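Heads up, the thing below is written out as structure tokens.
All chains are identified by letter, namely A, B and C, in their written order; residue positions are counted from 1 within each chain.
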Amino acid sequence: MKQQQSSRSITVILVVVLVACMLLSIRLGAVSISLSEMQSAFSRYFTTPDTVTLNERIFMTIRLPRAFLCVLVGASLAVGGTLMQALFRNPIVEPGLIGTSSGAAFGAAMYFALGAMFKFDTGVWTLPIAAGAGALLSTILVYILSLSGQTKKNSIVVLLLVGMAVNALFMSGVGFFSYIARDPQARSITFWGLGNLSGADWTVIKVVCVSTFGCITVAMRYAKDLNALMLGDDEAMLLGVNLKGLKVTILLINVVMIAVVTAFAGVISFVGLIVPHMLRAVKGADNRFLIPNSALLGGILLTLADLLARMLLRPAELPVGIVTSVIGVPIFIYLLRRTKYII
Amino acid sequence: MKHLIGIFIASSLLLSCGRFGKKDEKQEQSERIVCISKQYNEIIYALGAEEDIVAADISSTYPPQIKELPTVGYHRALSTEGILAAKPTLILHDNNIGPEHVVQQITALKIPTKVFGKYNGDIRGTDSLIREMGAYFHKERAADSLCAILDKDMEQVLEKAKQYGDTQRVLVIHYGRASNVYLIMTAKSTAARMLAWAGGRMAVDGARGMKQMSPEVIAASDPDVILLTDFGYDRLGSLEKVKALPGIAGTKAATNNRIYRVEEHDLVYMGPRTGKVAARLQKLLHDETAAK
Amino acid sequence: MITVKNITYKTGDNTLVDDISVEFKPGIVNLIVGPNGAGKSTLIKMLSGQMKETSGMVMYGGKPLGVYTLRELAKSRALLSQNMELAFSARVSEVVMMGRYPHFSERPTTSDLQACDEAMKYADIAYLKDRDYTTLSGGEKQRVQFARVLAQIWYPEPNKCRYLLLDEPLAYLDVYYQHQLMQQIKLLRSDTLVVVGVVHDLNIAAKYGESISMIHRGKLLLTGTPESVFTEANIKEVYGVEAEILVNKGKPYICF
């Protein structure tokens, strides 16, 4: 009972901090928008859209969706990390490990370098579609290749190693495309590969919202099974866990979440790696606690990182992936040094 | 590894780009133009119409005083709020801006944008662009005189070129090199046209304006003259170092010390100074004493 | 009751378990012995459902193993092995609670909490309750695993057997705890609990086993009381060593 109380109070704290961070991120930006403009934006945007001023429109169509996108992307990345670490029973795993983000990067790079050659163009949706297709392709490739020829079982170690190999393959594909691309296109590939949240609009929010909340809801149903997996595959099975179903479902959830957010926000590293670590250091490895709270903490971290990314070089923007790496590396090393892990 | 590169890029951005964080000194102005095109920017300054320009992209480097303006960053990696922070009443661009969603956001916000006409990449086309821009900014007389100077400069260059022919084969190395692979301007580039006027021709061809080439191809092309743009040349620091590069060492250009530094912004687009640039190139190619 | 009918397990050309038929009754401690590679572990893994037999059938209470869902099975069958890994830090009480996972869906009920408390008391580890499992010694970890396995099948169910399987669980325990664990298992005996275990140490088997099955090269040699199984001739045949059988506190004692 005491335990439940303490984990509930952590959740409450995280919710409060998240709301505070969102307010901060809505308040600050290259364009200064006053509080009264924000208020009037809400009332007028829906009632009398013709009278909306530029600042009010900037607030409603750029600033606000971006704040929401930050939270959703951060939540997806962090939950993806939690799920992958639980599934692989390994604390240094991140969601990109099974090829998802490198596949997305590959799809995006192909779009930048060769997009003009192919006659498919659906406007803003072309890039996300290309990235999503790449993510799916690479993940399926990893999964099929890791089904070992002899036993047809999905060994975790083999999956990890195949993931590394396929990652290397797709990243060299990205390298190839940036090499053959013209200078501006190559710059686009680099910038996309470093993550950016400026593409937020309400349609994007709807799509990401469905994937994030849907996946987290499904993941929560498997939290207990993932806990049992801590004991090992055999022990989990003896506790009634359907191993194959669990693995396939968790991998699928991860692909959907990561492919969607990577498609809209580019490759953002370290959030998925450090968030589960931070929470585990506070309150153990119970996935029923980790999954919802890593969504909150992931949202907080990415909101803060994006705030820095927007403010540091104002009025230009840093890619947010650079900020998450710069912040993430020291935190990760600190956590690694103070925690004893069996790897 | 990827993260290390990211950190490196971030810190070098922060250290090198003094242009970020320039103060906006035109706060009170009612007409506010953000111009995201190196070519437009140079013409606007030449017309004397720069008063309303409040911010520019980071690739616009001519004339030097444009670097005093606040910048909105790289033209392919713009941020909507970054542009809007300059409170533009107009955004000028030449259709080479990105990412795509930023363009969409700007359109959705109904910020006025303008693209001037697309003309041929020759002197007549450049004249037309200068005149169109002159008319737009009500600087018709300045435009006329810019065109007159440009035309006159060009006349002289072309006249002289007749006596030289296009015997000189020139290799233009853009930007620098990465692990001994060079980014070369080909016969399809703007620079190739300027060099043709000056009485030279490109040592290499390619499907697009720029091409990555290995040292072997460079050596085989054996150019009479090598032009290296400012960034790459300055990084190496001296002629001796450039001459020692693989592929370049041993070429006629290296043997005869005919390797010259050129400004990137002179060669990648046409503008009011193009006649003078061509004249300078002509001197480099054909007048040994002047080149020294 | 566990009934084993003609089960065989083959991988490639090797037959690890060869046509074994045997019954394990509730209320007594059934132990399986045999030399290395005889097929003991394969047999117990087929009993637990971890491995699928090539032919033959394992039946729990008269029904083939295959008709039970994983979850149903998990509610009445638990296995204690020598696997003590835990991927991340967790408190001992949480590890023991994992044994109750098959019984609840969202939150543990009071009876689940009670089962854990009682199992921990029974296994003598209540004092470790709030410790981080990963910081325990090998022996302590094994006793926590025992408590987890007990919690899994703590409550008897009407008209149904529970099954406690042991897959060489004594490996990391020193002599004192080996005997303590076997004693605790023996004291669990009930009409609704089937205990089947693989043990390595013949004297432990002789001391705590009530029905001994001796297997050799994948085949069942014989099943019977310790006195009938542990004879000088059987030991010689199966283990290839000369042994003398003494009597210690009424049980056979094998002296090599």
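Note that contacts are C-beta pairs under 8 Å (C-beta built on N, C-alpha and C of every residue); 3 or more make two chains touch, one makes a residue touch a chain.
None of the values given here were measured: they were computed from a predicted structure.
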Note to self: Looking only at C-beta pairs that count as contacts, which pair of chains has more of them, A-C or A-B?
What the structure shows: A-B
Item checked: Furthest chain, CA centroid comparison against subunit B -> C
Check: When the centre of a chain is set as the mean of its C-alpha atoms, what distance in Å lies between subunit B and subunit C?
Finding: 79
Checklist line | Whole-Å gap between the CA centroids of subunit A and subunit C | finding: 44
Checklist line | Distance from subunit B to subunit A - Cα centre to Cα centre, in angstrom | finding: 38
Next item on the list: Two or more other chains in contact with one residue: find those residues in subunit C.
Entry: none
Notebook entry, point to check: Can you list the residues of subunit A that touch 2 or more other chains?
Noted result: none
Next item on the list: Would you please write down the residue numbers of subunit B that are in contact with two or more other chains?
Entry: none
Notebook entry, point to check: Which positions of subunit C touch subunit A when the two form their complex?
Noted result: 48-50, 69-75, 77-79, 81, 83, 85-91, 94-95, 98-99, 101-102, 105, 134, 152
Next item on the list: Write out the stretch or stretches of subunit B touching subunit A in their complex.
Entry: 2-3, 6-7, 9-10, 13-14, 17, 20-21, 55, 58, 70-77, 79-87, 96, 98-102, 104-105, 108-111, 183, 208-210, 212
Note to self: Under the stated contact criterion, what part of subunit A meets subunit B in this complex?
What the structure shows: 29-31, 54, 57-58, 61-63, 123-124, 127, 171, 179-180, 182-184, 187-188, 191-194, 196, 198-199, 201, 269-270, 310, 312-319, 321-323, 325-326, 328-329
Notebook entry, point to check: Quick one: in the complex, what on subunit A touches subunit C?
Noted result: 86, 89-91, 224-225, 227-232, 234-235, 237-242, 280, 284-286, 339-340, 342
